[in-house]
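Structure below; questions to follow.
Each chain carries a letter (A, B, C and D) given by its place in the written order, and its residues are counted from 1.
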Amino acid sequence: MDLFEYQAKDLFRKYGIPVPDGKVASSPKQAGAIATKLGGNVVVKAQVQVGGRGKAGGIKLASTPAEAESVASQILGMDIKGHKVRRVLVERAGDIKSEFYASFLLDRSEKNRAVLGMASARGGVDIEEVAATEPEAIARVSVSPLVGLRPYHIRALLFGAGIPAEAHKGVGSLLEKMYEALVSGDGALVEVNPMALTGSGDVVALDAKVSIDDNAAFRHPDLEKLLDVSALDKQERAAKERGLNYVKLDGTVGIIGNGAGLTMSTLDVVAQAGGTPANFLDIGGGANAETMASGIGVILSDRKVKSLLVNIFGGITRCDLVAQGILEALQQLGDVKAPIVVRLDGTNAEEGRKILQDANHPNIVPSPTMLDAAAEAVKLAKKRRH
Amino acid sequence: MSILLNEETKVVVQGITGSEGTFHTRRNVAYGTNVVAGVTPGKGGQKWDDSVPVYDTVDEAVREVGANASLIFVPARFAADAIFEAADAGVGLIVCITEGIPVLDMARVYPYVQSRGITLIGPNCPGLISPGKANMGIIPGEITGPGPIGLVSRSGTLTYQVMYEMWTRGVGQSTCIGIGGDPIVGTNFIDVLGRFAEDPETKAVVLIGEIGGDDEERAASFAKENVDKPIVAYVAGFTAPEGKRMGHAGAIVSGSKGTAAAKAEAFESMGFRVGRSPTETALFAIEAVR
Amino acid sequence: MDLFEYQAKDLFRKYGIPVPDGKVASSPKQAGAIATKLGGNVVVKAQVQVGGRGKAGGIKLASTPAEAESVASQILGMDIKGHKVRRVLVERAGDIKSEFYASFLLDRSEKNRAVLGMASARGGVDIEEVAATEPEAIARVSVSPLVGLRPYHIRALLFGAGIPAEAHKGVGSLLEKMYEALVSGDGALVEVNPMALTGSGDVVALDAKVSIDDNAAFRHPDLEKLLDVSALDKQERAAKERGLNYVKLDGTVGIIGNGAGLTMSTLDVVAQAGGTPANFLDIGGGANAETMASGIGVILSDRKVKSLLVNIFGGITRCDLVAQGILEALQQLGDVKAPIVVRLDGTNAEEGRKILQDANHPNIVPSPTMLDAAAEAVKLAKKRRH
Amino acid sequence: MSILLNEETKVVVQGITGSEGTFHTRRNVAYGTNVVAGVTPGKGGQKWDDSVPVYDTVDEAVREVGANASLIFVPARFAADAIFEAADAGVGLIVCITEGIPVLDMARVYPYVQSRGITLIGPNCPGLISPGKANMGIIPGEITGPGPIGLVSRSGTLTYQVMYEMWTRGVGQSTCIGIGGDPIVGTNFIDVLGRFAEDPETKAVVLIGEIGGDDEERAASFAKENVDKPIVAYVAGFTAPEGKRMGHAGAIVSGSKGTAAAKAEAFESMGFRVGRSPTETALFAIEAVR
């Protein structure tokens, strides 16, 4: 789960990481009021979960409340790489002597020391580009959470990145707290780009990017309320609310599978058969009729979907329950136009096939194998498009 | 022969009295797996299904009935603790089915288990089966049978699909291992390939990968150097968009890293065949052993 | 560094470990006053750093303040196995349903998991005896401080020790806090024997034994003031104050060496030569004249010492400085009767021997080898005894 | 040959600019030890003694000049961190001279270093010397010379005494290792005995133990099974009283455990000679190689 900058900064405050004074606003007027409170110069920043908002005009300075209100009205509602700006963060602007980069993230490639720490004296720039063009400008340390972040890790980052000595204490302290935020907050990523050394010698996190490990949500019940479902697409929101593993794509063939691997594979064979998958939807293990019905409902609410492919290999999942779920969904949804190609194998497959056969529903097209089913679903989707 | 698991493996099931634990343990027992004990704290002294002794701790199960492998079905928030417990009790093989364990928990478990020389399969995996001998986990036993093909996969149902496609064509497996779809899993492709390489009964290996990380790429390089048997690979997720998690916590393309195309290319460049679909993968594997 | 029970209980309070209300007293009157404040029944406990004080009459119940004062006057001043009782702890007596044992200690034999946790349902008894006669009555777990104490460790202790279910929560919580006290407090040992399950279902630490790792003292400056030098022997106190590695023994040959191993070995060869070592004193690496002079001073203040053996193998330690130190000590101490047998080898040995030769002091007896020196020191000690 | 250390070992000294570090590094360099770098955070870029490059981190020293062994002289409160740093930088040998490291710090260091397959000597030890080749630590080089005897000891000066008694009688050593007197040390007798057993130049081994723990007893059993060379043991502390620390943090008799008598008896019962004094120990060792 990705946090917005303003949420990440709230988390930073909790862990004692210095951030500029500021507050989030969802209207130009609110932005002006915050600027009044802060006094003097402010910076108004679009709250979107995508990089490059600066270049896209999503970050602007303002020297008066009126100006803040005016730039906020320009930024709010902007579309930045497909993300609509619904909020701006209004912060006190400070004097900046130099800018650095630092992050901690979970690194699957080094499983014995799975927390990767990075720092660079190049701050405020696209770090992926720095990594590609000047890899030596980024210092890296791998930390085992069993051992924890130790002074030598911090030294390796400070010296390795070439952080100037005057900033060692401030940056070192930020690194410690960022690490603490990652491990205590179950972060998958805690990134500050840039952190600034100010004229008065303080080091402050100007930006904040935090992603939380969804699996650890149970340890952080307070984070649940931060999830901004409004940022999600309509179908994604509905899927999320029903606890489905759903990813929206752009095509015409809706797809339901059981198990992440089989579902991905189903998308691939649909693409190979010349179709375009409309989504990824894994009903998981042990799905029942209700899950199936919800899933079909979510997918068919996408108008672009011309056909639906249900590809089930029953293990824990029972094919008879899947078949019942399909019928229930058709009943609940009423006026369904899209044909549903169904391939059932594994646990109780015969019972499932029989249920569908007996129902003899006009929308249901049984298919004997995964490849046949994919071909059929693609053919039907194309037919309905014309 | 088979690897890691056979009819003599003495299995203790952690979380045996839970609903998942009970359901799958019954299936494993019915398959012939030698389940010698269960563990549920506070239920020590009971008999599960009137036959399997339940202990309060894994340590007791090891001392009392000689369990040497543990199968874990406990809920995600308790699973890391269960793995630590099994590791300390001295079993040599731990299979953790549980899905949804926080990554940082695994980042603590992994180095500990590793340093103690224990094989951990999973978490978030279907377990492993040595067809005709024993089944530890949730792989349906009835879709496969003994044979010359070793199978290792990051996936669950996709694995069943490939097993089934082989078995319905009359070719079975030595051992099938689902290593799990999380970012940090105890056993990776390389660990399993190394074991299959040394198993005389395994004549060819099917490897089923998916997007995310670089385990497939590493496996391809490793296999080129160390495995003197045919390998057929399959990779799921060619159509996966960047930055979206495809079900598995570990199945995510980050930037240009971890794409299915790169993984398939890694195998092909090392001279291994890559199936375009589960069906083709099964057919290639059958060709390799016929 | 071993803490007294009342100090250990102060530490326990810091870590949230429940202990009975109470306070330490150094006079019967104080004890009576504390009993008055506590009201009702109290227990008066001798504060000595040795086991078996209960059997020795060092723990007594009192039901009134007057009685508390009276038993305190009996206990204060007692000698328990060579330890003089200077203080008593006066605590509220509670009703006890059952008693258990628990401890955490640093265990050198299992270096990968160096914290050993133990628990037993046999509480309030001599645990070493239980260990010898009924080893299965003590549950043990080995914990790596990298991993920390986890729920499964606690379960292993609770179930393994056969702690009754009604006490699981209370004992489990105590175990957690005891572990925390060990690792955060740098304890070498944290032991509770007994902990009591009370009639109201609480679990309380009735006794407390804590030993702190001396090497970690720098992390706990507050502990320094707890060190009760008054419990030490006169020479030991003087040595401690001067930072010397000194252990008092019972013999007549005083011994100074450099390095723990060489000094122990010197004691042994003195014993083999028929003598009895009066002490162990390691001046350590890089000792200078001042250290030598302090060491000689401490040893010779013991009236039983009839001769002194200085056995130095110079590595970092320079033999010339050692020789100077011996002469300085003789000068400072004035009227020294004991002969000092000196064996010097290694770094600057010749210079050292020359300094002693030139000084030509009547008390100094140079000796060419360690074995010769030991024999000489023993001979001289025997001579002076007669 | 020698074990662990020779003239080609590339040594980085952590804490090289401190007074201890400077003093002993000069002696080691004078002995011929290949000291390639020093580390003092904040002093990177300087030259120590106008010759040895100083870096801010061990990692740099490894990358820039290929250091493969680290010698640690930093103060006790920073020493655990220094060991962790060296371990992560990828050196294969770490020698920690520092005395007074908290036991819990070592209880965290030990499993980490162990799991990374690194040899740690110490802490609280004099280091090791391969006479005539290289000297890493504080053992005086001038009291010994090359020869057929391997020496391993928990002590410092006592070791010098025995080395000296051998060398003045014309018999030198292959390698002498002081493993240190703390309760938790990185390398124990068994680790070193195993290496001496495989070193063709080492014809006999002297083992110097002291009271506390049971490392000597374990070493005796191990040697009986695994070392096909004469071993002469010496144990200090027959006169040590129970419960008192004899200088070394690890040198303490607890109850009836860890006595010198039990340790000497362990060696004798396995058929090894035990010297009654450093002198006798040296004489027995010389007999064994003549």
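Side notes on the structure shown:
Keep in mind that, in the parts below, a contact is a pair of C-beta atoms (placed from the backbone, for glycine too) under 8 Å apart; a residue touches a chain by one contact, two chains touch by 3 or more.
Computed from a prediction, not measured in an experiment: that's the story for all the values here.
Listed here as common contacts of chain B and chain C: A, D. Ranking A-B and A-D by contacting C-beta pairs places A-B first. Centroid distances built from C-alpha atoms place C farthest away from chain A. Taking the mean of the C-alpha atoms as each chain's centre, chain A and chain B sit 28 Å apart. The geometric centre of chain B is 44 Å away from that of chain D, both derived from CA atoms. Rounded to whole angstrom, the centroid-to-centroid distance between chain A and chain D, based on C-alpha atoms, equals 53 Å. Centre to centre, using the average C-alpha position, chain A and chain C are separated by 58 Å. For chain D, residues that reach two or more other chains under the stated contact definition are 108, 111-112, 114-115. Within chain A, residues 112-113, 144, 146-147 each touch two or more of the remaining chains.
If touching chains are joined by edges, the resulting network of the protein chains shown connects every chain directly with every other. Those residues of chain C lying in contact with chain B across their complex are 112-113, 141-142, 144, 146-147, 150-152, 155-156, 159-160, 165. Against chain B, the residues of chain D that register as touching in their complex are 111, 114-115.
Note for the complex: chain D touches chain C at residues 23-24, 76-77, 100-108, 110-112, 114, 126, 138-140, 143, 153-161, 164, 181, 183-184, 208, 210-214, 234, 236-241, 244-251, 255, 260, 276-279. Against chain C, in their complex, chain B makes its touches with residues 41-42, 44, 56-60, 78, 81-82, 84-85, 88, 108, 112, 115.
Of all residues in chain C, only 106, 108-109, 111-115, 128, 144-146, 183, 186, 188, 213-216, 218-219, 245, 247, 249, 257-265, 267-272, 277, 280, 282, 284-285, 313-317, 345-347, 369-371 touch chain D in the complex they form.
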